[in-house]
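After this come two complexes, each holding chain A, first together with chain B and then together with chain C.
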Partner chain A sequence: MTDPDRLRAIIAAHRDAEGPLLPILHDVQAAFGCIDAAAQAAIAAALNLSRAEVHGVVSFYHDFSQTPDHRPLVQLCRAEACQARGAEALAAVAQVAAGERVRVAAVYCLGLCSVGPNARIGDRLHARLDEDGLTRLIAAL
Partner chain B sequence: MGFERQPDFGTPEVVAPHDVTLSIDGRPVTVPAGTSVMRAAAVAGGAIPRLCATDSLNAFGSCRLCLVEVEGMRGTPASCTTPVAEGMVVHTQTPRLQKLRRGVMELYISDHPLDCLTCGANNDCELQDMAAAVGLRDVRYGYQGANHLDGASDSSNPYFDFDPAKCIVCARCVRACDEVQGTLALTVTGRGFQSVVSAGQADDDFLSSECVSCGACVQACPTASLQEKSVRAIGKPERSVITTCAYCGVGCTFRAEMRGEQLVRMVPWKDGKANRGHSCVKGRFAWGYAHHQDRVTTPMIRESIDQPWRPVSWDEALGFTAARLRAIRATHGPRALGGITSSRCTNEETFLVQKLVRAGFGSNNVDTCARVCHSPTGYGLKTTFGTSAGTQDFDSVMAADVIMVIGANPTDAHPVFASRLKRRLRQGARLIVIDPRRIDLVRSPRVEAAHHLALRPGTNVAVLTAMAHVVVTEGLGDAAFVSARCDADSHEDWARFVADTRHSPEALEAVTGVPAATVRAAARLYATGGNAAIYYGLGVTEHSQGSSTVMAIANLAMATGNIGRPGVGVNPLRGQNNVQGSCDMGSFPHELSGYRHVADAATRALFERDWGVSLDPEPGLRIPNMLDAALDGSFRAIYIQGEDILQSDPDSRHVAAGLAAMELVIVHDLFLNETATYAHVFLPGSTFLEKDGTFTNAERRIQRVRKVMTPASGMADWEVTQALANALGLGWRYTHPGEIMDEIARLTPSFAGVSYARLEQAGSLQWPVNDAAPEGSPIMHVEGFVRGRGQFVVTDYVPTDEKTGPRFPLLLTTGRILSQYNVGAQTRRTANTVWHQEDVLEIHPADAENRGVRSGDWVRLASRKGETTLRALVTDRVAPGVVYTTFHHPETQANVVTTDYSDWATNCPEYKVTAVQVTPSNGPSDWQRQQAALAERSRRVLAVDAAG
Partner chain C sequence: MIRVRLADDALAIACGADAVAAAFAAAGCLVERCSSWGLHWLEPLAEIDGHGFGPLTPADVSAVLAGRSDRGIGPIATHPFLARQQRLTFARAGRTRPLSLDDYAATDGWAGLRRARALPPEQVIAEVAGSGLRGRGGAGFPAGVKWRTVAEAGGQSGTGRKYIVCNADEGDSGTFADRMLMEGDPFALLEGMAIAGHAVGAGHGYVYVRSEYPHAIARLRAAVALAAPIIAPFGVEVRVGAGAYVCGEETALLNSLEGRRGEVRAKPPLPALHGLFGRPTVVNNVLTLAAVPHILREGGAAAYHGLGTGRSRGTMPIQLAGNVRYGGLYETAFGITLNALIHDIGGGTASGRPVKAVQVGGPLGAYIHPDRFDLPFDYEAYAAADALIGHGGVVVFDDTADMARLARVAMQFCAIESCGKCTPCRIGSTRGVELIDRLRAPAPADAVAALPQMRNAPKGGRRRADDLALLEELCETMRFGSLCALGGFTPYPVLSALRQWPEDFA
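Now for the complex of A and B:
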């Protein structure tokens, strides 16, 4: 559940900046793990946007979610260079290792094309992954 | 009878100082610079295939169907987003383009249901048209791939459905909501293949979203994804008639689309100069009342109002009525008879009613519902400028830099104009709102007022005088304009008056409740922000100082030079479709058509010669005076066309007593309204769909109303009035309303150049239309004021006699909402009740808490005059000390509580200020119960016998 006071504080921190919507959405996502319908409506009211406008932006970006999912997240690169280095096979392995406990998502390029396959967990990047390495990483989450 | 079509040029018209010539498919085309290649091709007569483009919306460039080849340019640019250039050589039909377009269409059709034969848009579908245009013969991808065909339909809106399976995500609906309507209720959610159109947020449907049901999205949809339920139910229209909406004073032009005698849908007409192709929920959708079971289509009479109604033939009804009118006139004289014209009816019908009263009854006892709305506008603007009407056309708002809205709520009451106003605000114009309530314009998505002056009800004059004080004392006026155009003495008196320190914002702050700094900032913005335009409504006029407020507005506009060109002016937003027209047509007891006084012998002689009668030189009675005179026995018979005075006029008990005292009350209406409870004769009326005529909107625009179906009662209203006149032996011989207009033009200088032939050719005309202005007058007072020099009038603030005190500590003000219209006779009989089932009382949280009132509770609303009961809505839209309600529902009888205080000059009732108390309650008041029982008893109708 979104804490209204904290939400208000986040909005207040950005609302007078130019283009305040995305910074607010990032902070709300980080603070609450999602941007739920009530938070979207509050942000819309504060920025004088329609609820539909805010919802359109939230639903557009993969980094924003509308319902909380507190499971750990592994973002596995599925772009061309990593594909060429075996990322597709790793995806299946990652899913098995993750089960329902860990969320595995695709990203397209982490900027480490020469050392793939790559993944991101939190703010950490992991390069040159193989099946064992990836399974160990997931198991440790 | 055919189907009126309008070409779609794909992208909006561009106005530019110079033209560009280019070649399209070998033909030279000259268009204004900045025009799109798509529009240029359409102008040249060769339409380029397209799906996401339509000329009411800015180019979007997403459908990739309108690709063209341009010599010297790489690739195949989208013609909608490519502007023309001098010497450009464009090819729109090449084998390469055909292949590309077919490929695009294949992708669209691979994810579209192939149910054309059973689809509501069959034969009226742009997707179908484009498939044909590009020669689609095969879909190589098949139909088994990932698709959106199982998307769930949204039927929550009462008038249209959204079927996402048929959506091609061109975003025309989303853009129409953003650009045309300005509500921004729609969006495209998700990304890539998951992109779908959605209203509001994830859990919303159309009804729960911010959607205001204007229908712009439905009109913009190229497929059947968004479609009127009526088209699905009835089928594709087969003929159409261009006509004018009968709701508010905006005067939207519509194409009424018919199947036989059945109306299928109303589609706003792009050439309508008032609405430019847009509409609101009322005009587009709320026409179902025309076929409602409550409509009475047979004349009815009764000896006395305690009897049930007896349906009779037209002959019997008219004979009965004429005999009684004659008898009353013989006994009590002509001044015992009178009539009320309707602002809902046509100019021609209104003209006939006042002619019947003046020439047939023999008195000047004719009045109109403008008495209770904009009579102060007539008085105030005539005194200062010389004409009883607004100064601008609606297009003018697009040239305004500062817009000041006073006592008006355009997004609810004049929604189509509000959409244009909001568009201008999104372009950067600044907004000042003077209103006790935080109306939507003060702050709604992408619109925000620079200043909201939330004044105490009844202090308009004080606020405007304080603004004038700032203009004069800070030297912000336009001295050159004033000296060139205005009366110097009156300006000097006025300037000295407003400059007095007792009129400073600081001195008046305690009275108005508006911080002095806000008043100063607003005055500075209005005076120095560029073109400044004032739009006002009944929050200005319906006060004891209504006329003073109108003149205070006029003073401010003259002092700052904001008159006589596009983007400025003083603009009353007239409430009813033809309230301007009914005033123009001589509906007031002291004026013949064109606002000429009955005491003027020369004017009277003109009419006397034409009508072959002699006219009473004394002004007649106003509505409140008729009711007073009824109670003292000197006024005995009234003919009321299309107005429900019991519900709409103030102090309902007094109205009821006056009507009950009369010997003959003739109600001519669509429904057995509240006034009909006291009537002896009921003459069935006709809707705007059932008659020919003209309406005049708030910008003085005379527009044709055209008959699209046969009158349900057999006669249009003008025919009924004529039949009544002839039953009185007047021998009228009009065979078409056009002949009535000829008579109006003959007798009214400002209409001298108006005829149905001229209207047919010009589409519409803004009066004055005469030798000086043969094409009409979009903007008035351009060269000089109609009265000669602009007259400043000193407007001293006089507090109303209606005062709060310990017993009645709150101020009640009233208004309208979007989905309902006035007394609701029409809109209550449509699906618009989904949005507003009952009147509620808005009350500030602090006042609610003091009284133990929560949202949804029944509360008793009492004034010195009466009391009623309704549900409360706790909201900070109203300021502490102020409560607000609407008057759409007869069950509420909100006007039981309003007082008979009125404007000093015109008797316009002071609806907007009533001292009240609010207390918790557990049910309807005695008056509500009595009135409900009486209305039920009075609506009894005897079974129609075979002879009927």
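Now for the complex of A and C:
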């Protein structure tokens, strides 16, 4: 649920910047776990945009979501360099280890392409993953 | 007290450098965190009195300190992987603390900016043009020409707002040089941006970093705060992407900075004339801007131009990645062959199996067969061979790679990341996935195609030859009909896989 006071504070912190929409959306996503219709409407009103414009931006980018999912998130790199080091076999392992409790998503490149397969959990990156290592990481979430 | 140096970039930390640092500190050592040397297979790599030990775990620390570790690699600076490189952009890698203004100043930091600001802007542009520096993001456009266009934009007086935008949306798989530069030597990027600002008359700059690089974002923000008084009146702001690969394309990036969907803009107008918020804008890659401080030092432009081959001058930070034994950063003059890179320097595959293919230039780069590994690293030579250097990423695959599956991955990636603005990319990529699926596993005749009213559908279903011809034709449409490199270059990996490994598509 979006807290209106906190939302107003986020908007106020950025509204005088050039091109403030993405910084606002990042902060709202981080604060509330999603950017719901109410938040989109409030942002649109504050920036003098239509709701459609804000919705269009929210739905364009992979980092933004419109409904919350508070499960822990594991982003497994599925790009070519990690595939060359066996990431595809790990994807199935990750799904089994995660079940419904943990969300497993694909990410395309974490910039650690010489030491894959790699994964990101929050702001922590993990390299040289194998089946055991990845399973342990997911179990610990 | 023993002084131990360990890298603190994202890669070293992901490999466990923090725990190793804590173990050294617990053993009473003075731990200093510096940038990464780029010897990635050795991370976490500890340096004691110039000697390297790696890869380490906390359990190895006591043996290292007791002098009985088998992880020693001898003196780091003369390690064969480093000794053969020509590091200009990455001259400080491994040698300085990333956020130390003292270390930066002690290694010729700000010398380029000081000299540039004492010169008239035209002279700065002439030196950048004379160095032969070309855009390192992939397109290879001459940096001096772009700067001159922006400098001369906005009327005779050249007044009005202009911007320097640093493209740090390094989304290509197999590339990490931008990340290493931002995390290891962030002041060099800021210095390059400030020089660009002086050259073209821009007072403000943005660095657009992808959200998948949390360490680089934090490091850059800290560096901007520290360097602000030095680069003033030029100001820099760090902005974060939101997970869209296509925002690495310069016009999509500008839209994203403006707070819009990251859709590609049609060119012309060029961003140099009509860029961010409609103002003249320099959009350059991290490596392009970070090469500038070296070029602007006394004699730097001539030294830079003295390296390289043909029209590809200077050095290229090449990134060895994927299934390679010795992966990491290899900055060298243009002209090096893949044979040298993969076998002599990279040590072959990490799995020990034979090399089957190499993808150069990210997910939109061609797959190159070992028969062509004598190709020199050079923009024009690659273009002539239907390949591209891109951002300098080299991804190695061993003989277990299924090239048809990788061709499908390329089309699928394009379908996922397409901004949707142009038809060849948006629809062609999805049709491409279907076509490759049909080639890999022939399906029964399509139910719709078999309907009596489908008069133009081939009778008796499509033959394999028809599907192959259709894939070639689709790729041609995408190549020449797409607005930007995403749709336009996806045919490179697809067609190169199809032509060189047809047996994988059977």
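The definition used in the following text is that the second predicted complex is superposed on the first by the 141 of 141 C-alpha atoms of A that agree within 3 Å, B and C clash if a C-alpha of one lies under 4 Å from a C-alpha of the other, contacts with A are read in each partner's own complex, and residues count from 1 in each chain.
Everything below uses one rule, namely that a residue touches a chain if its C-beta (ideal position, glycine included) is under 8 Å from a C-beta of that chain, and two chains touch if they have at least 3 such contacts.
These numbers were taken from a predicted model, which means no experiment stands behind them.
Chemist: Have a look and say if chain B or chain C is in touch with more residues of chain A.
Modeler: C
Chemist: One more residue to check, A:Q40. First (chain B), second (chain C), both or neither?
Modeler: It touches chain B, and chain C stays clear.
Chemist: According to the stated criteria, A:P23 is in contact with first (chain B), second (chain C), both, or neither; which is it?
Modeler: The answer is second: A:P23 touches chain C but not chain B.
Chemist: After superposition on the shared chain, which partner residues are touched by A:A81: those of chain B (first), chain C (second), both, or neither?
Modeler: second
Chemist: Considering only touches as defined above, state whether A:R120 meets chain B (first), chain C (second), both or neither.
Modeler: The second partner, chain C, only.
Chemist: State whether A:Q66 touches chain B only (first), chain C only (second), both chains, or neither.
Modeler: Touch status of A:Q66: first partner only.
Chemist: Applying the document's definition of touch, where does A:L110 land relative to chain B and chain C: first, second, both, or neither?
Modeler: Only chain C; A:L110 stays clear of chain B.
Chemist: Is A:N48 touching the first partner chain B, the second partner chain C, both, or neither of them?
Modeler: In the superposed model, A:N48 contacts chain B only, not chain C.
Chemist: Is A:G56 contacted by the first partner chain B, the second partner chain C, both or neither?
Modeler: In the superposed model, A:G56 contacts both chain B and chain C.
Chemist: Which chain A residues are contacted by chain C in one complex and by chain B in the other?
Modeler: The answer is residues 56, 60-61 of chain A.
Chemist: Would you tell me which residues of chain A are touching chain B in their complex?
Modeler: For this pair, the touching residues of chain A are 37, 40-41, 44, 48-56, 59-61, 66.
Chemist: Please output the residues of chain A touching chain C within their complex, sorted ascending.
Modeler: Touching chain C: residues 17-23, 25-26, 47, 56-57, 60-64, 79-85, 107-116, 118, 120, 123-128 of chain A.
Chemist: Per the contact definition, I'd like the list of chain C residues that touch chain A in the complex.
Modeler: It is residues 10-11, 13-15, 40-41, 43, 170-176, 178-179, 211-215, 237, 239-245, 256-263, 277, 319-324, 327-328, 350, 359, 363, 393, 395-398, 401, 406, 409, 413, 417, 419 of chain C that touch chain A.
Chemist: Quick one: which bits of chain B touch chain A in the complex? Just the residue numbers, please.
Modeler: Touching chain A from chain B are residues 183-191, 198-204, 209-210, 443-448.
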